[in-house]
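In the two complexes that follow, chain A is the common piece, with chain B as its partner first and chain C second.
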Partner chain A sequence: MFKELDPILHSQLRLAVMSLLIAVKEAEFTYIREKTNATAGNLSVQVQKLKEAGYIEVTKQFKDNYPQTTCKITAQGIEAFEAYVKALQQYLQAGQG
Partner chain B sequence: MLEEKQLTEKESLALIASMINKVKNSCIDSGIGPLFWGVMITICSLITFAESNFHFKLGFDIWILSLIALLPQIFFTWRAKKEKVFIAHDETMMNYVWGTFTVCVFMLSFYNSKTETSNSIALYMMVFGIPTFITGGIRNFKPMILGGLVCWICSIASYYVSFANGMLLMALSAVAAWLIPGIILRRRYLKMKHV
Partner chain C sequence: METDDKELSPQESLALIKTMINKTKDSVADDSFYFLLWGWLVFVCCIAEFILKVYYQYPYHYVVWWTMPAAGIASAVYGARQSKQKKVTSFVDEALGFLWMAIGLSFITLVVINIINGQNWQTAFTYYILLYAIGTFMTGSLIRFKPLIIGGLINFALAIISIRLNYDNQLLIGSVAILISYIIPGHLLRMKHQKQKN
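Take a look at the complex of A and B:
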């Protein structure tokens, strides 16, 4: 039986953010924006959704007098991401079989 | 530009792979640290070899340069930290490994100044090999794994040669452990920066 794909992760920008955050310990908002080529507004909305789902932690602070937003994947986020990848692989294997 | 659209399973996996690759490319070391220390230790070792082999004195201990070199190293580290926009998973571990190495080199220098033994160069090379080998292993960077091994082989070999030749072995260790890996890393970094 197939697991349903997590709707939070099954969207292009949110998945890109999660894939990026799984590969690092933490990343600044500006770095995520650069790597995803997203607009600041759209990225903010998606980051907020991931935060509300408990998949990422967002820390806001000041660095050299400029506001700095840092994102970090949570244990719950790692679990959800792994489950999502497993489910994707199941779908693809079923498609090939 | 990425929008909030639904993906097929294949597209999702491709996106995950592409984002992880983007991060991997950002994680490439600039190579400045190993390059700088590779040049520094090689020069100091070769000058000490020349002093010992050709019987002349510079008038000051050339190894003081390595202490002075800590200043630009601190500057590079500070600048890199300031410009950093993400923290890699292995970064804390690497800081501890190279921090331990620095402390050990200082302790060795301290003991060396108290006991005046020429065998200490073997110990230096043994210590040089440890963080180099660990870094190479963790980052899957073969030149540093080989560099670490060269340091350990040179460390053993230095017991069987004169002090002057031991210094040549130390220069060889620095070239293998840091200078060559540093050049490779720098070239990779500059290539990635231009892509």
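Take a look at the complex of A and C:
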């Protein structure tokens, strides 16, 4: 039934990350971790997958000698997210009818 | 969010999206520091200049305004520190940054215009109050904080009233304007953010 849904987005944690990033300009890894309650390891893996798909941009830099990872949604990511939401709505409408 | 591979239904997906977007709503930075710094400083300067000019007839009464560049530096240092600590930048934060940058430039522009214009400061406060009104009304609307919106709206009216007053009384109306648009909303905003933290 869900074959047409983007498999990159149709995963709980990746969808949570994308939903956070669509609402802000950019966010740090630690912020995303706090809001999703995910483990650092799992979140790293999912962030990497989103990055490989071209949906988010990941910047690593040092601030006061601490490594800092900032994530930002890309234009491609926004497009994919919108298409995903649209597909979800179609499923729901089909379910109702 | 313990697992990654849990199969989501469309309803669950939409609910998750909604929840996560809602979680970003409290991510607008606490900007009360700027309102309190500028608010109190301008308030004290207005009153101090009024006392120096009216009661002491001190010829260099305007010297109080030389504290403004110091406040500019304090704001810049605070801003740089905050941006280092900041974990998230919302679109509202970004918009507010540009808005206040434009307003800051407008203040400087007005000072330059007044200096070029033969030191005619008679209308200075009218336009400063107008800028307080624009800045606080827009900030209040963007962060959905009523005290700033109300303060801004009152300042539009005060700007009109101020044009009929002489310079001495403009100093007093300036202090009232900053009290209503910066100081009171600034303290309320700080209280709101502190409540959110606890």
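As a convention for this text, the second predicted complex is superposed on the first by the 94 of 97 C-alpha atoms of A that agree within 3 Å, B and C clash if a C-alpha of one lies under 4 Å from a C-alpha of the other, contacts with A are read in each partner's own complex, and residues count from 1 in each chain.
One rule holds for everything that comes next: contacts are C-beta pairs under 8 Å (C-beta built on N, C-alpha and C of every residue); 3 or more make two chains touch, one makes a residue touch a chain.
Predicted model, so just to flag it, every value in this text is computed and none were measured.
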Check whether A:60 is in contact with chain B, with chain C, with both or with neither, and answer first, second, both or neither.
neither
Which residues form the common part of the chain A surface touched by chain B and by chain C?
10-16, 19-20, 22-28, 30-31, 35-38, 42, 46, 64, 84-85, 88, 91-92, 95
Chain A partner, complex, touching residues on chain C are 1, 3-8, 10-11, 13-14, 16-17, 19-21, 23-24, 27, 84, 87-91, 93-94
Touching residues of chain A toward chain B in the complex: what are they?
5, 10-16, 19-20, 22-28, 30-31, 35-39, 42, 46, 64, 84-85, 88-89, 91-92, 95
Using the touch definition from the top, list the residues of chain A that touch chain C in their complex.
2, 10-16, 19-20, 22-28, 30-31, 34-38, 42, 45-46, 63-64, 84-85, 88, 91-92, 95
Hey, which residues of chain B end up touching chain A in the complex?
1-7, 9-13, 15-16, 19-20, 22-24, 26, 82, 85-89, 91-92
